[in-house]
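These notes open a run of structures that come right after.
Paired with subunit B in one complex and with subunit C in the other, subunit A is shared by the two complexes that follow.
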Partner chain A sequence: MSVALGYVGKRALVAVPLLLVVSLACFALTPLLPDPSVARLGQHATKENVAAFRARKGLDDPFLVRWGRFVRDAATLEFGEDIVRDDGSTVGEGIRARFPATFELALAAMLIAVVLGLVAGALGAVFPRRLADAVAQVFALVGASVPVFWLGFMASLLFAVKLEWLPHPDWSLRVIAPDAGPGDYATRFLLLESLARFDLGAVGRALAHLALPALVLSTIPLAVVTRMTRATMLEELGRDYVRTARAKGAPETRVVTRHALRNALIPIVTVTGLQTGALLGGAVLTETVFAWPGLGRYVAEAVRSGNGPVVVAGVFTFAATFVVVNLLVDVAYVLADPRLRRGAR
Partner chain B sequence: MKAARAWRRLRRDPLFWIGGTLVLLVLLMAALAGPLSSHAPDRRVTLEGERAPVAPNERYLLGTDENGYDVWSRLLHGARASLLTGLCAVGLALFVGVPLGAVAGWRGGLADGLLMRATDVMLAFPSVLLAIAIAAAAGRGSVWTLVLAVGVVQVPLFMRQVRASVMAARHEDWVTACRATGLSATRTLMRHVLPNCLAPILVLATLGVGSAILSAAGLSWLGLGPPATEPEWGRMLEEGAKYMREKEQWILVPPGLAIAATVLGFNLLGDALRAALDPRVTR
Partner chain C sequence: MTSITRRALALVALGLASLPAACGKGDPAGKGGGASGAGGATTFVYARGKESPTLDPAEATDGESALVLVNVYDTLVRFKYGSSAVEPALAVAWEAAADRLSMTFTLRDGVRFHDGSPLDAAAVAVNFERQRDLKHKFHFTEPGMPPERYPYWGDMFGFVARTTAVDVRTVRFEFSEPMPPFFLSLLAMFTNSIVSPKALEQGAAYVKRHPVGTGAFVWGGRENEEITLTANPSWWGGKPAIDRLVFVVVPELKNAYARLESGQVDGVDNLASKDVPRAKANPKVKVHEVATGLSVCYLAMNNDRKPFDDVRVRQAVALAVDKPRLAAIAYEGLATPIATLVPPGVEGHAGLPDRARDVKEARRLLEEAKAVGTKVTLRYMGNPRPYAPDPGAIAAQLRDDLRDAGLEVELRKDEWASHLQALQNGDHELGILGWTPDVPDPDNYLYVLLDKEGAVPPANNVSFYRSEKFHALVAAARRSYDAGERRRLYADAQKVAFDDAPMVPLVAMPRVAATSAAVEGFVLDPVSSPRFAWTSKPAKAK
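And then the complex of A and B:
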């Protein structure tokens, strides 16, 4: 166990410089983005006003000083003052208010993709070149080729407008938990907190509103998870230990699920972790389609309104999430698989 | 010899033919956009007294959008924009990624370490967000903004692939033989090693065109691409989005289907190429 703990510590230590470099890369975008003083003061501001504003907000300080300030502010999750709104609020407030909605959407999409992908991929490997295999492969491939924002339109048109099976997604407290008291759901994790409160009505409403965007977003990692599962399972099913398990009379379902799938999980989990990046990127588009009050839409709007600091902080939050998720994935399978502990030192 | 065997495998693959047909159709759309379209794609074509959006009829094959632009003509011309974006973005990624990847794989050491850490950092960004930031930085405006944003995002993918292939080839006997005959390192790399790494690059490039078209459509849909008058599929979807809940779906359906069919075509083609060029892939 101590070896595993050492490994966890080592990986976490490697993540720190990586995050620093990522923050530098994000911050390097700043000079490229539109000048926030334009967004604040308008196109017609006088030169003196712009210069005074830039000096007051420290925009003319040396690059390293500003980057250092960004790192310090990022470490406290405040990300400094929102100089475009200029009302004393911080960029971090906006980001923290929207991150939970994105987190729950991405988590739900990933769960759907993993469950569907594991089942479809495993079926494809057990019955290769049969109808189920072909259907699963074509489905995954088509899903990966359809623009996620267009799929969002079409799905809400069909399921929310025509068939009326699902509500038109509205991720607001007023809709999900109308009778919440003041101070309830302060975490803004609407689904997770309603689960924790065991408020079944709110859980049901949250799931219904989450279903469409999560299904649409899940098409992005689904193809990769399905194919990876199929390929690794095909490999594992050809190995000697599977023959042994069959020879000693283990039922086929047990051979597939308990022997082959368990061994195939590691590459699948790795690929799934790496898909978080694509998933979070897709969240920008999905959130914009469904007017989801998440971080992706916030960043997209900040791009349009020229609020550079929000763009930089938002991109950094996404990239940091990706780094942390993959760190957790690495750590998780070292803890889960005793064989990896020896090599992990 | 290798190419002939790959072609024999490719010929028997139905997915190759489906993908090839789809890509060919889009190429035809782009090539024949002029003669096939019934109206100008970039201005109002409705007559006086017609209230846009006009439903599909004999004058407007796919109807018009709310500005009175003909959807069918815009769809055809949009194929040009999409192919241009996809091919140029991959071209950019190849132009930057292949030499850098080759140097990293061939030289190893510090250059390799630095370049690979750089790709690590680039890959830590969600590609759509990185593209959004680049597009925002480049200023809104044209198809070239999309090419730049989408192309840069793909550079690390090509770097890694080329590096891996070059590293694998570096220690082969025939490379030693090349060196032994007195060929310079550059010449060995350019004339012998890189051509040998062509297969995986070809596969990655084909798949890359599909994903570039998909990302570009997303950026354009977010309003970071060409202006609304220009015929571009993502932009057409943005215009059509206003009619999402109403009956004017002729504006919204064709561009989405066109993007999906094009991307699917390139994905199928890339998959078929991979299966044909790499005998280890079982399908």
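And then the complex of A and C:
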């Protein structure tokens, strides 16, 4: 365990300069955003209003001063003031309010992708060049090549408009848990908290509203997980230990699931972790298409209105999430594989 | 399998089993349709495109903020429901002095703010004084920064010298120059909402986040972009029929409309032009239109830049644009072509016959001005606006029309904020822009959009038109109380602008919203943002 802890510590230390570089790069690009004074003050603002606003928000300060302020504010996780809302609320408040919606969406999408991807990939490897394999390959290809915003619109038209099987996603406490009392669901994790509360009605509604965006978003990692599983499984199934297992009379299901799949999992887990980045990027589009009140839409809207602090803090949060997820993947990796643990020593 | 895993699996299975029940057809609980709620209370869910940037009426300038403000606050006078006429609200009577240098208002008796404090003349005076007086303790300025004027006050209320409480129920406005004839309309604007002085005592951040007024609805809270208001049972106008009013943000118009069709929202604030015929054909949906389109869209020509500093080129552009075709195609027949900026239906509309499209004459004028083949850029916005539902389609047609006459037009699209800023700073040759008036008076079109005083960056007069003749007419109309004389002055001003062609007024666009067919009493106001005090919908049986 101490090995793992040391490893985590080392990786966390590397993450700090990495996140600083991300914030710096993101900051350097903020002058390309539209002037936030237009979004904030509208068509009636006078020259004086605009100048006063820019001075008040320190928008004309030198680059390093603004970046220094960002780093200072990021350290408190408040990320400074939301300059477009401008009611004293901080960017941190906005991010904390929206992160749970993105987290639950990404988690659901990843679960769908991993479960379907493992099954489809394993089937493809066990029955190569048969119908099941072909179907899995086609799905993987479609997932990899079709843009999520198009798929989102189409899925929404089919399932919510034409067939009316699923609602248009409405991720709000008013809809998911209409009878919640004051203070309930304070975590804003609507699905996880309804599960913890054993509120079946809320769980059902949460799953119904989560289904469309999660399925659409899952197509991004699904393709990679499926193809990766198929490739590694094919490789594993051809190895000596599999032949030995078969020779000693182990049933084929056991050979596939206990022997081959288990060994194939390690690269799959790594790839899954790396897919978090694509998933978060895809969340920006998916959330915009489905009006999902998450971090992705918050950042997209901030780009439009020139709300620089929100853009930088949002990208920073995405980057930090990516780093943390991959850190966890690496830890899981080290814990799972004794050889790596020895290597670490 | 551990008991925890087993329990979790059982939970997921049960959740999945309850899925069909939660999202089955017509089930309001699963779809989040408005009518559900504790104790059978009616909830009305209204979808709009953006959230409200501020809830302090003094600094609000945009429609999204206004939507919340007009439902929480009252003003001294208000626009009659569904009309642009003014009627009593918090004030029941008023009288202007003969010299028009002061006006006295008598307040309604027994009105209380949502926090329980009484509405009196002192409270009203504070609300106007805090806007006027930069040193007022409620003129919110950031610590260490110099005070600045609130946008509307600086723009439109410069003539108000002082507001005082004469007695408990009487408020007096004093003016530094005779008040304009449309002063009552200005008072009905959301920016003059009366805020509880007790709330003002709590400071800037509180007022921006917690509106406390006397209006039909009480602030209920904000969850992300979702705002909830609850009915004010003791509103002086009577308790609203809706118990809970929820504003949700759905950025895509199509998406919002789809939610209306599926019953997940009860109303949408705007409709894509393409959805209007579909909505009209749907018996479950009611389309609301304001007959008089007050929003106007125009093609601005930068009169400071070549070749548009030449009146012949500007006239050629005006002759080349095919407005009827534009209205029919880019606006799906919803908009009305206009000859001048003041649209039909607004008192003071000149009724001038428009130029018929004449490409030959346009080309002749361009040849005369040696401008044939000149390369110019037409800037337009990427985001739909109330007066331009599909800016790309408008820009494409204008480019083709002008090419026919001999101008080489290139298109440039920008995000709304960048586009507006470029035009306001004069960083354009041609640009598409529009205007939704604050008050339905010719002054709010002509003075704001074409007067030389507005041609200073960031300009509202983005054509940078500076005509002394035009200015003299508009300034005289501002001071006149004679309705006939005002009409004549504005007609003359519109004729001057028509001949000089500093811009091409394109179309007037009606406001369109939609609700589910079961909703009663929803009327789209021509000027005010939608008010829900008189809206009702049947409660769902429990």
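In this section, the second predicted complex is superposed on the first by the 319 of 345 C-alpha atoms of A that agree within 3 Å, B and C clash if a C-alpha of one lies under 4 Å from a C-alpha of the other, contacts with A are read in each partner's own complex, and residues count from 1 in each chain.
Heads up, the rule we're going with is that a contact is a pair of C-beta atoms (placed from the backbone, for glycine too) under 8 Å apart; a residue touches a chain by one contact, two chains touch by 3 or more.
Since the structure is predicted, the reported quantities are computational estimates derived from the model, not experimental observations.
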Looking at A:Pro34 after the superposition, I want to know if it touches subunit B, subunit C, both of them or none. Which is it: first, second, both, neither?
both
A:Tyr241 in the overlay: touching subunit B, subunit C, both, or neither? Say first, second, both or neither.
neither
Touched partner set for A:Arg56, first subunit B, second subunit C, both or neither:
second
Regarding the shared-chain residue A:Gly281, is it in contact with subunit B (first), subunit C (second), both, or neither?
first
Check the contacts made with subunit A and report whether subunit B or subunit C touches more of its residues.
C
Kindly classify A:Arg304 by the partners it touches after superposition: subunit B alone (first), subunit C alone (second), both, or neither?
both
Quick check for you: in the superposed arrangement, does A:Val161 touch first (subunit B), second (subunit C), both or neither?
both
Touching A:Ser89, do we find subunit B (first), subunit C (second), both, or neither?
second
Taking the superposition as given, does A:Phe127 touch the first partner, subunit B, the second, subunit C, both, or neither?
neither
Using the superposition described at the top, list the residues of subunit A that contact subunit B and also contact subunit C.
34, 156, 161, 288, 304
Residues of subunit C touching subunit A in the complex
8, 11, 14-19, 21-23, 25, 29-32, 36-38, 43, 53-56, 61-62, 142, 145-146, 148-149, 151-152, 154-155, 204-205, 208-209, 223-226, 228, 246, 248-252, 255, 258-259, 261-262, 264, 383, 414-418, 420-421, 456-458, 460
For the subunit B and subunit A complex, residues of the former touching the latter:
117, 120-130, 132-134, 136-138, 210, 214, 217-218, 221-224, 234, 237, 241, 244-245, 249, 252-253, 255-256, 259-260, 263-264, 267-268, 271, 282
Given the complex with subunit B, which residues does subunit A contribute to the contact?
18, 21-22, 25, 29, 32-34, 141-142, 144-150, 153-154, 156-157, 161, 231, 234, 277-282, 284-285, 288, 299-300, 303-304, 311, 314-315, 318-319, 322-323
Going by the contact rule at the top, pick out the subunit A residues touching subunit C in the complex.
34-36, 38-50, 52, 55-56, 84-89, 97-98, 101, 156, 160-161, 164-168, 170, 172-175, 178-179, 195, 198, 200-201, 203-209, 211, 288-291, 293, 297, 301, 304-306
